[in-house]
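Okay, so subunit A shows up in both of these, paired with subunit B first and subunit C after.
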Partner chain A sequence: MLAYIVRKLLLSIPILLGIVTLTFVLFCVVAPDPARVYAGKFKSEAQLQALRHQLGTDVPKSRQFWNILTFHFANSSRYQEPVWHLFLRKAPISLAIQIPAFFIELGLQLALALLVASRRGTILDYGITFLAVLGMSVPVISLYLGTQWIFGGWLQWFPVAGWSPGFFYALHFAALPIIVSVIGGIGGGVRFYRTVTLEEINSDYVRTARAKGVSARDTLFTHVFGNVLIPVLTNTVVVLPLLFTGSLILERLFQIPGFGALLFDSIHAQDQPVVMFIVYVTSILYLFMLIVTDVLYTLVDPRVTLK
Partner chain B sequence: MTAALDSPTGILRDAPPTSIGRQALGQLVGKRISLASLIVVSFYVLVGLLSFTPFVKDRIDQSYSLDNAYAPPALRQTLADGSKTISPAVWFGLDFEGRSVFWRAAYGTRMALLIMVCTCAISISIGAVLGLIAGYFGGWVDDLITWLYSTVSSIPWLLLVIALAYVIQNIQMVNARPAPSWIAEFFGGSTTVILALGLTDWVGLCRLIRGEVIKLRDLDFIVACRAMGLSEGRILLRHILPNTMHIILITFSLSSVAYVQVETVLAFLGLGITSKPSWGRMIDDSKLELLRGVWWELAAATVAILVLSLALNILGDALRDALDPKLHGVK
Partner chain C sequence: MRKTKWIFFVYLAIVGLIVIGVGVSLSFTPPRDPHTLYVEELATLKSLDPAEANDEPSDDMIGEIYESLYNYKYGVQPYTMFPELAAEMPRYSADGMEMTIPLRRGIHFYDPGKKVWPGGIGPEIKARDVIYSFKRVCDFNIASPVYSAVFQDQIVGLDDWWNYTKSIGAAKVDWDRPVKGFQILDDYTIRLVMPRPNPQMVYNLAAMWTAVVSRDAVNYWGRDFRLHPVGSGSYCMTEYLRDQRIILEANPIYRGRGDVDGGAIVADADRMPHIERVEYDFFDELVPPYLLFTQGLFDVAGIPKESFNQAIRVDTGDLSPALAKKGVILRKSDEAVTDYVGFNMQDPILGRNKPLRQAMSMAFDRNAYITNFLNGRGMPAIGPIPPGFPTFDRNAVNPYTQLNLEAAREKMRQAEAINGGPIPTLRILMQDSDTTSRQMAEDFVLRMKQIGLTIEPEYRDFARYLEMVDNRQTQLFEAGWLADYPDEQDFLQLFYGKNAPAMGLNSAAYMNPEFDALYEKAAVMRDSPERRGLYLRMEHFVMEDCPWLLVEYPKLFALHYDWVSGGYHMAYGYGLLQHLKLDEQFRRKRLEEN
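For the complex of A and B:
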């Protein structure tokens, strides 16, 4: 097992270098001089040079590559503070929305998928599957704007937007974002897990279990459910880093000062160090989670052999 | 002697050749729901093509309001002399500058069509070429291409699209040299969206085609082609590529849904289409209009995207069921 993990980690080094190269090429070679983009057209050469020094783009390209590789980023040009500080300040706010949304969404997806798969071909199955496809087809921004307008503006059940520290304030402001984020993301999962569940329900081991007298309910919850969890694992572990980055649209619309809103503002303010930091760090975390998924996969599924 | 072979009752005549396109069409028309979605998609294509004419273009920036910009949807338009006439311009209401939501939504169809076709052209060419080369030649070429797509797929797609769009937009901003006017007119500022999507979304297709080619390249008919002395290029283009066509068709219909959806996100981030109306821009505009209770622009753009996505999703799934015997989706 340990040898397998070590080999996986070693095999991911070329990909890690690939991510560094891609980030470097995109932001330090292809992209125009960030000092000029940030400062605008009417700055003197001396001012531009000072800005370049601040952004860390006045050093040779090889040095810039090394800086990305070793996680040395320039300060945010908008906030004038290290990007890591911004990350530590903003990420918990994003997590406060994303973690509850993630677990509620996953739970509902699994429950609904098992429900409709066990009642295949009924009105309930068609209805929920249709709603799931419908949910996947609505543009998320329309969904967010629409619910914000109806429940926040018109019915006034929730505050339209805003944020305040403290648990109960946070709950007050986070409720609607969490609900819409669940509604927006639930469709794809229901449809996918339904297919997975149906494939399991039609397997031989289920027929054997039923034949030897296990009740339909026990078959579904012990035999089928355990096997459905394997694709669930591959689907969910990789998106964990995206919980940190949050949803940039959701946080922008509901005025939540999280990490997603930071990315949004940084794009608008041409704050290149922050944009680069978010793209790079999220990709590294994502890659790491891909490896974790592979390892977990071998743990939960004995059919997967360690090669 | 040859007359026997050419006779209408000969065995050779019994099975008419069927192209993959004809097979797909036959399968789709057979089922009611896929036929319906095919009709819906054709309708969108028709509206999109009609919107390439100056007739629609002249109407997108024109103001239709006399006194109030936010006129709600109505059947008849009030003209300057107070008389009323039936005009499609006011059917979906007017936006914050008194412009017709109906005509802007129609023009948005043109933009969506342009983005879907151009993006797919880029992503499918990159994905197909790299996939064919990697699968057919193997060796270090395969290693290199596998490394490339593993790297690109290790970055969350939306984030990569946003990063690329950000960089492309900055390049366009710093390079003050404007594009030739006919290009600007034709693309209407959608080049950032097209490039950002097309240059990042070839990964899935490349991986699928590579896998398919690896299966195909050692089959008897390819060995026979090689034995007959056909060139590598000819084998790849005439004998292997047509056998991967079903993957390309399915990818085209399913990923174009994603392109329309991501266009709305890019428009919201200010990285999207700049000079012409698109569905994404209409949704973005509507976030301020909603404060005044003006919902019709949001509704028009949302319904347009919703119906197209639904139809393309159903069509894509039907195509997959029809063309790919190995991917038997459980229904």
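For the complex of A and C:
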């Protein structure tokens, strides 16, 4: 297993290098001189030179690239703050939305998938499948805006938008974003896990277990569910790094000052250090989680070995 | 395998707990203070350091906390300056190259956090503080975005100071190093020495860029000074959660009004600010704060495009009855802005073909544009200088900004003759690639098609757009100009020949020796009927030559509840919040009714 992990880690290096290079080159092409944006409407060569110095873009591109590769990120152009500080300030806010939403969504997806798969062909199955497809079909932005208007603006059950420090105050503002995040993401998972569960339910070993007199519930939770965990792991572990980065549109619409909103604004403002940081760090976490997923397979399913 | 069953149910139990926690949190509503004015803030503030900020939202916030030497009288049109930290208007030398400015006495900095000075009360503002603040704008290490607009080439000896700060590094700058053009005559008098007369310099001293900061505070906070403003204005900042909220509280040692010395006796009824506390909540999108405003959670608000028809009656442009019933008041005001489409006069097709530019200008339907894209919040442009300037004449007629397709087609025939054949496809550069930009470009394409012109839109992100406009790599480009001070020169400099080279303010690269001669003559004159006459003649050249396809002057529509009074839109000036009044009892009563 160790050899497998080392090999995977080594293979990750060129992938990372490719991602960082591509993003850096795109920035060089799209925004070759961010000082112009930050200079505003008045500019002179002397002023641009000073701004380039402040933004760290007055050194050769090769040096800038090397600094990024070695984690020496320049300060955010927009915030004039080290990107690590921004990350530490904003990631917890994103996590306050994303972690509850992730757990609720996954729990509901699995529960509903097991329920409808075990009641295949019934009205319950058709009804939940219909709602799942509907949830997948509605654009998330419409869902976000619609719920904001209805539950925040009209019924006033939740605050329309905003954020406040303090655990319960933060949760007060997080409630509606968490709910819409769950509603927006639940459909695809229900459909997918239902299909996976059905495949397992129709397997020979399930039929054998049922023939031996094991109850339907025990078959479902002891045999079927264990095997369903493999695709669950594939789907969930790799998205864990994305919990830190938050949701770009959701955070912006609900005025959550998290990492997603930061990424959205940084792309718009061509804040290269922030975008490079997010791309780089997220890629590392993502590649790492892919390896973790492989290792977890061996724990969930003893038939799997890593060579 | 039996374990998985329990893991699953434990997991569901945790999910249930999370759901309950979220539900319980709904009862934790953040408290609302009855003495606080609640305001939406629709942008991220770049910096609260006057030397670093050049964006309107930052300047507005800085303007509540800091003061400059001069300011504009609140609610007075035409705009009139008055001395704020200065004791009187500048005294000019006979040759106009020296400005001597005496300062008010007894005005102190105030630090609400009590970090810089125990007790919070700082030293009295003196000449050295003013000169220190000016030198900071000219410090290479700070990279002030307004250096070139305010002081570069306008103060004697500044090149030396700039090069010195560049060579020495931020930490070692000797702030007492003399600069010939920044002189301290005594504790309460400064003198600015300019290489040539510059009547516009006084406007820079009424802007937030030159607000007076404390050297102690800068030294204490270092780079974080941008987050911890310490000024002498009517408010001080007691909380700043970046991207979330700012809380301002009345400065306890404020002298009561801007035009008196510290320690002056001001009657209690006249003392400002009237509102004790103001909370700004930050929003990136316009709709959520508007919804919160309709719920009475904000006291003032703008009107998002998406909600315009709910707030405003389309037929009359008045407030909707539903909002009027709630006690909402609509305030309309002119902005000192001209939106336009620039022609690159260095382009071989556009630059030498005046009839072509005139034809395009006459083919553009400004009223339709204002209705379709601004919900009627604008006025068709007449000349480059917008309302609010002394020479602006609302009744003036510019034949080239009147929709006249017949005349435009006639001009097109002349244009084709000059071009030696049909006009080839022209490209218009847009500042963004979002839906609105695309719709605006499509509208422009359709208007020009009516006179037989083919226009191809080019969508670029803002950085690339700026680079192309700065380097004159465009044919047509959408743009706008927001005035910095109430002098027509602020707009006319955009057509001055010496500003035409790359990166200069004259992005259309308009060159007209007659215009330039008049500009140079007016540039050294102070306000007078003669100078206004020169301005009118210059504007006439621009209207005739059409280096800009003038589009519109935007109008500002703002909403507030009737428990807030004293509001007046000022295109220039700062410290406006102190004039507002909040009737707390009326607000409570209204909200209960609504």
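Please note the rule applied: the second predicted complex is superposed on the first by the 295 of 307 C-alpha atoms of A that agree within 3 Å, B and C clash if a C-alpha of one lies under 4 Å from a C-alpha of the other, contacts with A are read in each partner's own complex, and residues count from 1 in each chain.
The rule we apply is simple: a contact is a pair of C-beta atoms (placed from the backbone, for glycine too) under 8 Å apart; a residue touches a chain by one contact, two chains touch by 3 or more.
Predicted model, so just to flag it, every value in this text is computed and none were measured.
In the model built by aligning both structures on subunit A, subunit B clashes with subunit C. Shared-chain residue A:Ser283: touches subunit B; no touch with subunit C.
By the document's definition of touching, of the two partners only subunit B reaches A:Ser137; subunit C does not. With both structures placed on the common chain, the touch criterion links A:Leu299 to neither subunit B nor subunit C.
Using the contact criterion defined above for the overlaid structures, shared-chain residue A:Gly18 touches subunit B, although it does not reach subunit C. Once the two complexes are overlaid on the shared chain, A:Leu88 sits clear of subunit B and of subunit C alike. Once the two structures are superposed, subunit B and subunit C can be ranked by residues of subunit A touched, with C on top. Of the two partner chains, neither subunit B nor subunit C is touched by A:Val6. Of the two partner chains, subunit C is the only one touched by A:Pro100; subunit B is not. In the superposition on chain A, A:Ala261 makes contact with subunit C only, not with subunit B.
Of the two partner chains, both subunit B and subunit C are touched by A:Val30. One listed stretch of subunit C collides with subunit B once both complexes sit on chain A; from 96-104, 456-464 or 582-590, that stretch is 456-464. Comparing the two interfaces of subunit A, the one with subunit B and the one with subunit C have residues 30-34, 36-37, 145, 148-149, 153, 252-253, 270 in common. Subunit B contributes residues 147-148, 150-152, 154-156, 159-160, 162-164, 166-167, 170-171, 173-175, 257, 261, 264-265, 268-271, 279, 283-284, 286-287, 290-291, 295, 298, 301-302, 305-306, 309-310, 313-314, 329-330 to its touches with subunit A in the complex.
Taken in their complex, subunit C has these residues touching subunit A: 1-2, 4-5, 8, 11-12, 14-15, 18-19, 21-26, 28-30, 44, 46-47, 52, 54-55, 140-149, 152, 162, 166, 223, 226, 241-244, 281-285, 287-289, 291-292, 294-295, 461-464, 466-467, 470, 481, 503, 505.
Residues 14-15, 18-19, 21-22, 26-27, 30-34, 36-37, 133-134, 136-142, 145-146, 148-149, 153, 195, 198-199, 202, 242, 245, 248-249, 252-253, 263-264, 267-268, 270, 275, 278-279, 282-283, 286-287, 290 of subunit A are the ones touching subunit B in the complex.
Taken in their complex, subunit A has these residues touching subunit C: 30-34, 36-48, 50-51, 53-54, 78-80, 89, 100, 103-104, 107-108, 110-111, 145, 148-149, 152-153, 156-158, 160-166, 168-169, 171-172, 174-175, 178-179, 218, 221-223, 225-226, 229, 252-255, 257, 261, 265, 270.
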